[in-house]
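Each of the next two complexes has chain A plus one more chain, namely chain B in the first and chain C in the second.
And then the complex of A and B:
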């Protein structure tokens, strides 16, 4: 069952990823990318990383909607209502992505994959967190709060006297 | 497949889907006013979501759990609404905002001839409005285990108290609907980031100190 779900999610993730470059508007590309990320979130749930999987779903939805906000801020076609090509710098992109693909495939085939020793931990999310951060956990937490404070204050400073804050305050 | 232990995160993730749905409704109908309404809701989302998340984190911190059941049980002696009043108020505000209800109805405002839902009629409109009402009801119901002690109460069984409390929260939100003027998004954004985020952070600090102490 898990294998079937994995393959469905994996193929859907790749399929939506391809769709990002096939569709003809910013809005459609945004949501194709979102669908692809949601499939990745599902794959993480499949690995029993429930918390991280749901977090990926939460963050990717918000992120893609923020991208929609950027769309209206910076695009020449803010509404995404007119068809436009999603492809730029085709030759360069082809070379770069081809090189990355070759490197990744070479990695897959040449690396000596380790045999599994022991069994999966009871709480993989906790185990992953400890493996990634270990002794640096308090440091990372403090840094996280510092980054948040920086973001909030940067936005507050940047939006002071914005375009629409003329005479009504 | 998903365990109850991450209930609050799942709740948060699913409520953010409202951003997608309102924007998609606005964009998908290929019409100018609904698109403006959809973008208004995104701006509203950016304003209410951070204080909302901090309110949820405060509760999770106080209960030391992301499980709704655990959170309700953690309020055995004292309901969270008593010692986390700021988080509760912010939560109620964000429920109004996420269901674009009453004072937060700018995305479907009259000045946009109906905003995001302008082009919807018949079954489409029914589905959209049903989803909106469901969001309001579910978010009211979630306030019960988060702040109001879950099923705790004298005489009546737990489920009955949960229902009564849900209806009380819902009644309050419905009552507010036409009693406050609609807020413009940029103004609410300023208030949310300058007042609500620091207020919820201070609330979280207080709760954190209590939990550690």
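And then the complex of A and C:
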């Protein structure tokens, strides 16, 4: 049963991922990406990662709502009124990504993966919480500072005033 | 469900994202490609944790960091696009090649 669900989610995730670059509206592309993320969140729940799976689902719903606004702001082909190609160097991109796919898949199926070490804890969420509040605490500290730095620098970049309050232009 | 199946899914998502990041003209669509690539990292990280080292939580912490990186990447990307748009009315990558070496 889980295997069937996994393959359905996997095919849907890749299918929606392809749709992101196939649909001609950037707003639709945003929702295709959201669907792809929801499928990936589903596969994580299949791996008993309930907390991280739900976290991905919730975060991506919020993120794609914000993204949809930006997509509409910067839409190249609003409502399909100006049919145009949004691509450049299509052949090169296809060749490179195809080669990367072949190399990665070949690696996945030929590498001799190590044996599974240990068993999953009864409650992976609890194990994660104890890790980030214990041995992995520096990771959480760095992530926290990075989020703060991003908030400050994103606002500084996006506001409509440079140094000296726009006097330099 | 095997490790190989999950990693194949991750490889497919990564390749699709790479195609998008390389082929899209619009900077915001390019960022969608990057997001798909990080999406692949999430799948691979979760699968490595479950199938190779479930005893320690390191794999889960890695996924947590990747999720954060994805959100930060999007925030900074949009801030840069907005700054570029304000300064030069540019929203496609071909017009923003100043650092091309």
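Throughout what follows, the second predicted complex is superposed on the first by the 114 of 169 C-alpha atoms of A that agree within 3 Å, B and C clash if a C-alpha of one lies under 4 Å from a C-alpha of the other, contacts with A are read in each partner's own complex, and residues count from 1 in each chain.
Please note the rule applied: a residue touches a chain if its C-beta (ideal position, glycine included) is under 8 Å from a C-beta of that chain, and two chains touch if they have at least 3 such contacts.
Since the model is a prediction, treat every value here as computed from it, not as a measurement.
A.B. asks: Which partner does A:152 contact after superposing on A: first (chain B), second (chain C), both, neither?
C.D. replies: First partner only.
A.B. asks: Touch test for A:131: chain B only (first), chain C only (second), both, or neither?
C.D. replies: In the superposition, A:131 touches chain C alone.
A.B. asks: Return first, second, both or neither, reflecting whether A:27 touches chain B, chain C, both chains, or no partner chain.
C.D. replies: In the superposition, A:27 touches chain B alone.
A.B. asks: With both complexes overlaid on chain A, does A:44 touch chain B (first), chain C (second), both or neither?
C.D. replies: second
A.B. asks: Regarding the shared-chain residue A:55, is it in contact with chain B (first), chain C (second), both, or neither?
C.D. replies: both
A.B. asks: Looking at the overlay, what does A:68 touch: chain B (first), chain C (second), both, or neither?
C.D. replies: first
A.B. asks: Please determine whether it is chain B or chain C that touches the greater number of chain A residues.
C.D. replies: Touching more of chain A: C.
A.B. asks: In the overlaid three-chain picture, which partner chain does A:87 touch, first (chain B) or second (chain C), both, or neither?
C.D. replies: In the superposed model, A:87 contacts chain C only, not chain B.
A.B. asks: Following superposition on chain A, which residues of chain A contact chain B and also contact chain C?
C.D. replies: Chain A residues touching both partners: 55, 66, 155.
A.B. asks: Touching chain C in the complex: which residues of chain A?
C.D. replies: Residue list for chain A touching chain C: 2-3, 6-7, 10, 13-14, 17-18, 20-21, 26, 29-30, 33, 36-37, 40, 43-44, 46-49, 52, 55-56, 59, 63, 66-67, 70-71, 74, 76, 85-90, 92-94, 96-98, 100-101, 104-105, 108-109, 113-114, 116-121, 124, 127-128, 130-132, 136, 139, 143, 146-147, 150-151, 153-155, 157-158, 160.
A.B. asks: Touching residues of chain B toward chain A in the complex: what are they?
C.D. replies: Those residues of chain B that touch chain A are 1-3, 5-6, 9-10, 12-13, 16-17, 19-20, 23-24, 27, 30, 32, 35, 39, 42-43, 45-46, 49, 66, 186, 190, 193-194, 197.
A.B. asks: For chain A, which residues count as touching chain B in their complex?
C.D. replies: 27, 31, 34, 45, 50-51, 54-55, 57-58, 61-62, 64-66, 68-69, 72, 79-81, 152, 155-156, 159, 164-165
A.B. asks: Mind pulling up the chain C residues that touch chain A in the complex?
C.D. replies: Answer in residue numbers: 1, 3-20, 22-29, 32-33, 35-36, 39, 42-43, 46-47, 49-58, 60-61, 63-65, 67-68, 70-72, 74-76, 78-83, 85-86, 91-94.
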